[in-house]
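Order of writing sets the chain letters: A, B and C. Residues in each chain are counted from 1.
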Amino acid sequence: MSTQAGTGAITATAPLRGTPGLGARILRRIRGIARRSPTLAVGAAILLAFAAMALFHPWLMPRDPIAANPTLTLQPPSVEFWFGTDQNGMDVFSRVIYGAIYGFGIAIPAVMVGLSVGVPVGLYTGYRGGMIDEVVMRVFDSFRVFPSIILALAVVSAAGPSLLNVVMVIGLLDSPIFARVVRAEVLALRNGTYVEAAVAAGNPTRRILFVHLLPNAIQGAMAQTAVRAAWAVRISATLAFLGIGIQPPTPEWGAMIRQGAEFMVSGEWWVAVFPGIALILMTLGLNMLGDGLQDLLDPRRKAATR
Amino acid sequence: MSVGRFLVRRLLLVLPLLLGVLFFTFMLVRLSGQDPTAKIAGPTATAAEIELVRAQLGLDQPLFTQFLIYLGRVVQADLGRSWVSQQPVLQDVLERVPVTLELLLWGVGIGALVGIPVGLRAAFRPDGAFDQISRFVSLLGFSTPTYWLGLVMLLVFFYLLDLAPPGMGRLSLMLSPPPRITGSYLIDGVIAGDLEAAHSAFAQLVLPVLCIAIISAAPIIKQTRAITLEVLASDYIRYARAQGLEPAMIRRMALRNAATPVVTFLGTELTGLVGTTALIEYVFAWGGLGQWGLNAIITGDFAAVQGYVLALALFSVIVFLLVDLAVLLLEPRAGTRA
Amino acid sequence: MATPLLDVRDLHTHFIARNLDNEIRTARALNGVSFSLDGGKILGLVGETGAGKSLTALSVMGLLRPPARVVAGQVLFEGRDLIAMPPEEVNRLRGARMAMVVQSPKSSLDPLSRIGEQLVRVQRAHDPALGQAEATARAVAMLEAVGIPDPQRRARAWPHELSGGMAQRVLIALALVNQPRLLIADEPTTGLDVTVQAQILDLFRELVLANGIGAIIITHDLGVVAHYCDDVAVMFAGTIIEHGPVAAVFGQPAHPYTRALIASTPERLVIGRTRTTGAPPPNLYALPTGCLYRDRCPHAAPDCAEPPPGRAMGAGHIAHCHFAGRLAEHAA
């Protein structure tokens, strides 16, 4: 990378002109971000919709998502059952709405597990370097020989397919990704004068890591969270589809697709298609958010105008 | 550096990796905390019989000894026996490898054939309409569950349009497979002159291959674009502009320089797509290694799971080695860098 | 009066972008750069990081990428305005009539082509009629001219096999092989050993003078200017605040900034990568009117709120300061 000597001072930020109201400023910032990265804006909008579904599900669901009705099984979509009913006579629309809870309920804690394991490891190995760093990175590397989906499946099924295990395994499999990002930033930061000053001032290692390095090194990891959450949603649904972990008739999207799989070739497509679309939209929202975030944080694109 | 010496060095580096992988597969079974003996001995076994099986399996030994026993077996190509099929795991695996490879290679091949040009074109006009659309399509591909895509394909092309055969294996149930040469019914059918079988094998291949191609194209588009953008921002491309070279020539230069990282990426992608292929096999009842492995995971067939995971790791190691070799041929620098 | 080889007139280059609050923000990176250059002369362009030296070179060569663009001014090269010229036409001049040497020679060479091929490529790009054999012969001759031993063999070398100094010689060969009239070297010796730096610059000066080329050296190193340049232009915040013959400017610096530069870099006359004197440079998004240096200037006075005029200090020596020529009494 070469620095253009002539552009060094351009990135300096100037104070805002004028002082419009806070609401107007927030609105303006949102419009600015949406213009810079429409991807991010659309992703955020999709996610907000799903968050609303999860939060307000009691009012949004027309029926109990697990109330079976043997007289109304496999009803096609209609005014009464917007997304039809499944083989138990349960309302697919209500079940799709309820499924958002599982999406967030797995993705958020899984990413937290990944962060809380990966970030300290990345901080420590990046700061310490040497043997520990070498060994940890080699171990991380070696996990690349397994396809991540298979790895997650095998470990979850071995550890016992409880919801907690699903969350833990997804989080742990994510942690090397967070660790790598943080480590790379720490490597770039650790020889900075302010770290040297902190060491010279006699700060303990733990304090240097978490007070001095963490705030500067965490940005890259945060930019990854949305994409990792998308992965968590995807993997947990895959597990449920294969019948590992969450079982039908739990209103989880992967489990619902499993229920509807056999009807795809006999014409009752709505049982599996609607939860699949919900799953796609939620992962798409997270992926778009993540993509947009990385775009926004990429210094090469920072100044681009359109 | 000669290719031979390069290979020897790489293989030496692979050994500790394989040891780690074996330790992982070994621990995977311990992790389950379940005792495989009961399943192996059968439901009617007495306590004494179970003890006997435990002793046979070495499960009464300390953990480290057990690992050594496991290692010893693996080195002698004994991966144990599946309690589902009652066959040696190694035999099960070897039978199914070509079945899966056929699907995987066609799928990724088509995915790359589409994805690489799309990614390149997007990178040459970043933020243009083509770039925006291809980025969205790529994100959509990232977000689509493999198995759901397979189901929708069956719904549309089998149930609604009746263009494709049902997703039940690799050959129409009415036909008998051609004599085995490569393990691919399509190629074997052509070789044997059994065009009916070849045609049926082809028809069965279309939908699953299409699914894998779609799913694999998404990351290929994204990475090809990112790699090419990075090359285009490099000092040598900037200097090429300063030299007044024509845009077409600069483009060629960028393409050549993007080739190595794209090939490297395809290698890692290939190993990751084994998982995607497994799910597609599961939906289309393909009967390859992937479906077999997933079933082993679902049913808790530990010897088979170990064998499956080990086979995947070996596959990755071989792919990485091939990629390194390709890079060695592509890059004048690689010889000194390795 | 004969037309100068290069005549830059009141060049303004801005970075125009939207910020996260959706406001259009303009960084005024070059604010009226004017200078001229004759064949056979070497001009040194000095100033601290961010003063706009490289940006001046990129603006002249037509190599700006968005969001940077020239918003006003002329770049007259052999009498023709490059700013008004269609980009394809400028592209034909680049690498042929005007050439550039950059500061990261190793990463600026195409890693997948032998250096001989790269020399042939740049010749044939500008002269499609040129035969392969002749181009190769000229490539080898050029490598020899830039002091590369065993040029026949070295033409077959890959860029990664070259040392930094060798790579810089190759870059000079690439720049000169089409016999340009104008040569811009942007920090050509950054990152090279001191002894190699001197060799490269000696070679550079020798080749430039022998061929009657007009050259610009962009550098942090006032010593380089003193040794190798005929004229010097000192840049600050996107303007040239003082220029003239090296002996005059260094002997009787008239602008307080030039004085600060020379005073603060006594030993090797290298301007630090960090700011030379205390205060940060002016904010390019909100430039004050009047003298841009006044916030840092020890002599600032109410007059400085007005744009400083160019004051002639001697033959070709001009300083843009209200007090130029009147500061001698309270010299630093």
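The definition used in the following text is that a contact is a pair of C-beta atoms (placed from the backbone, for glycine too) under 8 Å apart; a residue touches a chain by one contact, two chains touch by 3 or more.
What you are looking at is a predicted structure, and each value in this text was computed from that prediction instead of being measured.
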{"item": "Farthest-lying chain, centroid of Cα atoms versus that of chain A", "value": "C"}
{"item": "Chain occupying the middle, per Cα centroid", "value": "A"}
{"item": "Centroid distance [mean C-alpha coordinates] between chain B and chain A, Å", "value": "25"}
{"item": "Centroid spacing, where centroids are CA-atom means, of chain A and chain C in whole angstrom", "value": "48"}
{"item": "Distance from the mean Cα position of chain C to that of chain B, given in whole angstrom", "value": "53"}
{"item": "Set of chain A residues in contact with two or more other chains", "value": "2, 304, 306"}
{"item": "Chain C: positions in contact with at least two other chains", "value": "102, 104, 107"}
{"item": "Multi-chain contact sites of chain B, meaning residues that touch two or more partners", "value": "235"}
{"item": "In the complex with chain C, residue positions of chain B that touch it", "value": "234-236, 238-246, 249, 253, 256-257, 331-333, 336"}
{"item": "Sites on chain A touched by chain C in the complex", "value": "2, 4-10, 12, 14, 16-17, 25, 28-29, 31-33, 35-36, 303-306"}
{"item": "Chain A-touching residues of chain B, taken from the complex the two chains share", "value": "17, 20-21, 28-29, 31-33, 127, 135-136, 139-140, 142-148, 151-152, 154-155, 158-159, 166-167, 233, 235, 268, 271-276, 278-279, 282-283, 293-294, 297-298, 300, 305, 308-309, 312-313, 316-317, 320"}
{"item": "Footprint of chain B on chain A - complex, ascending", "value": "2, 39, 139, 142, 144-151, 153-155, 157-160, 230, 234, 237-238, 241-244, 254, 257, 260-261, 264-267, 269, 272-273, 276, 279-281, 283-284, 287-288, 291, 300, 304, 306"}
{"item": "Chain B-facing residues of chain C, complex", "value": "61, 63, 91-96, 99-100, 102, 104, 107-113, 121-122, 125-126, 158, 160, 171, 174"}
